[in-house]
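Both complexes shown next keep chain A, but they swap its partner, so chain B is in the first and chain C is in the second.
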Partner chain A sequence: MSAAAAASGTYTPAAEAGGKRREKREELRRHLAEDADWPRADGRSIHDCRPAFMQTGPTTAASGSAYAEFGKTKVIVSVFGPRESKKAMLYSDTGRLNCSVSYTTFATGIRGQGLENKEYSGMLHKALEGAVMLHTFPKTTVDVFALVLESGGSDLPIIISCASLALADAGIMMYDLVTSVSVSCLGKNVIIDPTSDEEAWQDGGLMVSYMPTRREITQLTLTGEWSDGKITNAVELCMDACGKLCEILRERLKDTAVLESE
Partner chain B sequence: MVGLSEGEKHFIRGGIAQDLRADGRTRLQFRAVTVETGIIPQANGSARVRMGATEVIASVKAELGKPTILHPGKGKVSIYVDCSPTAAPMFEGRGSEELSAELSVALQRCLLGGKSGAGAAIDLSSLIVIEGKACWDLYIDGLVVSSDGNLLDALAAAIKVALSDTGIPKVNVSLNAETDGEPEFDISDEDFLQFDTSSVPVIVTLTKVGKHYIVDATSEEESQMSSAVSVSVNRLGQICGMTKRGGAGLDPSVIFDMISVAKHVSQRFISLLDSEIAAAEAADAE
Partner chain C sequence: MRDLHLPLNQTQRVRLEAALHELQTLAPAAASAAAVTVADTIPVNHEDNILKGHGTTDQDGEVVATLCGVVERVNKLVYVRTLRARYKPEVGDIIVGRVIEIAPKRWRLEINFSQDAVLMLSSMNLPDGIQRRRTAVDELNMRSIFEENDVVCAEVRGFQHDGSLHLQARSQKYGKLKRGQLLTVPPYLVKRRKQHFHHLEQYDVDLILGCNGFIWVGEHVVVNEITTFNEDQEKLSAEVETFTPMETRKHICRLANAARVLSALGFTLTIELIIQTAEASLSSNVKINDMLGAEFYVQTAETEAKRRADLLGRKKGGAR
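So, the complex of A and B:
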């Protein structure tokens, strides 16, 4: 597991991210300072992400696969294909992306609670379809199957990041890697990479899926009540963290390539 | 879905670029909205909203239920959307499942607020009858009767109108010794409590076609979109939900720009809806 230990890294955003809006961020920081007297349960500060451990190739039968472990959240994603689309499907000159997210029954504290997140499959699809070059595999389908082994908060963003690593591992052509980070709004504080406890008490949540090299947001969801300035700051915080996470993904892909060439 | 020739596609895109759309509207202009309330007598509140050829119905039903153990001081609200095959043949069977689920999730995200209840359209603690024992469960159902684009905005508007039409019956609680201290409920048929619907947001969807974005897109225009951002804004101009649709990625600065445009447009839409609600209620009272 020495390689595994080396494979973990943090991707905490730099304080000076998004220099243009630094003033606004300073304002946010002042707000945070007023109400920053509660440490997070796992000892992180509010802008610290959990250490990200990611690895390619956990399943051998798949064209590509990836495993991600962020704190308690453990996700495995397999990519199969491209394979011929089902006969019943209409002809399409672009490829199809078939995404499915499932939870193990023991993933959550109360058994089977993960089944509530039915919308995740569709959201995974929306986050990835803008990044995959679908025109490179006409008439065929690529399957992306994600399984949440253990749910520990920020499940969907981790699934998205892990799926894009698996797609890259499978050699599916993509414009850019997609990484995703979520933040929770708790009182005056905006905390990054929330755990499930923090998510359960959040006033609002925001998730950004981002292609760092192309500087494009592929998916964005927001709940709860947010003031305008806070949204801008939170989105920039997420984008910066996404950029850092993307570096980790890239390192993992390079490691695999080196191992294969040896 | 929508069969368009190359010429028609070019016409739609060109019109949007020149700020004159196929039906004569400008980019940030809504279609005519008509509102009717109280159309379903069995429901506690209901509304029909028409925006051009798009027609949706929303109904609100209230039932007495039990609050969850985690939130003893809060009622429950659930939102579901159904797309009827009478609206379009592709909604038949399982065809509407994906769209229905997408619309339901988007509405839940925009109306129910965060997990702690902040930013929610309906104050859940106002639904409580006896803390930990009894509360009102609100079932909000949306039905797409006819579909010509911009379903999400129309559904959110219909829900807003339906909630303002909703009357929750007054409940008299009597503690009875014979039933082991279990409360007995006497639901009034005459006295109703009105909701405070001032914080119910509207949803404004900005559909990006080419370099520009438009509000209230028809299905022809939607077929040409690269992506769309739905922003829900309440009366105070606060944003309480956001979803992105469509595959193409968006530049962050475009998204920030869309948010500020949506905020501006939403205030116009809210006042338009308010006057329609007042007119519908006046028509009802006659």
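So, the complex of A and C:
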């Protein structure tokens, strides 16, 4: 009897399939209700960022490229150019910066769900255009293509940081490196570098793109519900995190510079 | 260096690392100290009024880098030399490019610069070799000189006011390149020299090191200063019959692979080094297709490390 059952290949799924994830969400919801400080799903405290892994040069065909991995979020950015503008042959004194963000079909848990982030391309452009010295390459275009391999929360800030690393790698003149960090407001807490689950539950979000050496903010996006006092703190928190992230970027660039200057 | 993805075995990895480490220790310490990244301040002495060059900007009275690379100082001029940026032309550079478009009275060439270069019909020698005004007929026959996707060798003539680049090809040594291979390497690996055209007699091969990082390895062509158009036509039919001999083809491939190995390892490409590498592959019986294998890379790195060490040793010996 048992042999026959094995041969027919029937199997019973575990009743608690997907339960673990549901449990985590449930836990987050409970914590929110209690309004208490809680350990985050990946074991960080609320002011801990995910470990950042960044690397230059994954795409050999591009002028410059960078790969970033922050926890589950994995992003690859390729920079092409400066090259002759194909679209507009009209004369322009300044160069053009062309940004495009796309998601792989397998980036999110549900297939094809991340594809609606259309506004990311425009936001990436706005964050970078203040840092790139566009007047140094008249009549030409720099193309920045970002591909999100896996979306694990805080996608846009990671894309921006990764793109500025790729631009520096491509040898494009910039005033400073742009780094970007986002925070989420959950209940009374402000948590930094949120994951997708946390972003889904947030009351409000804040993203700051910052040039640490120049002390200039290139972009600030505020969404949702915030109270006065928290915003100031949150912006300062982001700026500090940006400064620290910038150090990692510089180290990466210095490594490659030393390696190639031999 | 970064494009190097080799299937190394254990011993090869150890040997390559040793050779690279050797090279790193040989490199002057100043080189690594002068590396800057975007927004780093460049230390300068403000008393002697310095000139800020390429890749630098002024911020609150400090000189700040806007590029990643190595700081170079020439007298008062301070600039940043980038390592991976596109080619930056200078007047008189010899370049190799590819025709991408034929426009009225001009060809557009892709030369790895941020813009396409322009080769005017009026700034090149016509095939008949006579100096005269260019007529409308010449303009219609432009495609018989260069077609799209032809590889062309030319010289940088100058910049227009809007930053676009003009080329010239006023000698028989410039012009269309055929029967050979075009390699693209990072432009910083080709240094400006007196001589960029090389005829390697022992191989019957021409080698052109374009300043823009395009390298041409092809069969040697005999340069005739005066060739009439009719002769050219005759030559064409004769050429079809006389194909490039097998031996020359092999030499072309071997030299091209030598250049590929050297550029992948990040060594400056000089004619001597390319020949040496090709000779080394011949003497150690490495097949042409095995030259791009891991073993030959390691071997080349080791040879170069040894050569530089010897050079340094001799210099020190001379100083004493």
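In this text, the second predicted complex is superposed on the first by the 220 of 262 C-alpha atoms of A that agree within 3 Å, B and C clash if a C-alpha of one lies under 4 Å from a C-alpha of the other, contacts with A are read in each partner's own complex, and residues count from 1 in each chain.
The definition used in the following text is that a residue touches a chain if its C-beta (ideal position, glycine included) is under 8 Å from a C-beta of that chain, and two chains touch if they have at least 3 such contacts.
The structure displayed is predicted, hence computed values, not measured ones.
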Touched partner set for A:49, first chain B, second chain C, both or neither: neither
Touching partner for A:234 - first (chain B), second (chain C), both, neither: neither
Which of chain B and chain C A:211 touches, first, second, both or neither: both
Partner chain(s) touched by A:200 [first = chain B, second = chain C, both, neither]: first
Which of chain B and chain C A:99 touches, first, second, both or neither: neither
Partner chain in contact with A:119 - chain B first, chain C second, else both or neither: first
Common interface positions of chain A, toward chain B and toward chain C: 211, 214
Chain A-facing residues of chain C, complex: 1-3, 23-24, 27, 31-32, 35-40, 55, 57, 59, 64, 66-70, 82-86, 114-116, 162-164, 266
Interface residues, chain B side, partner chain A - complex: 98, 101-102, 105, 109-110, 112-116, 118-119, 227, 229, 234, 238-252, 255-256, 259-260, 263
Chain C-facing residues of chain A, complex: 56-57, 60, 63-64, 81-84, 91, 133, 137-140, 168-177, 211, 213-214, 250, 253-254, 256-262
Complex contacts: residues of chain A adjacent to chain B: 118-119, 122, 126, 129-131, 185, 199-205, 211, 214-228, 231-232, 235-236, 239
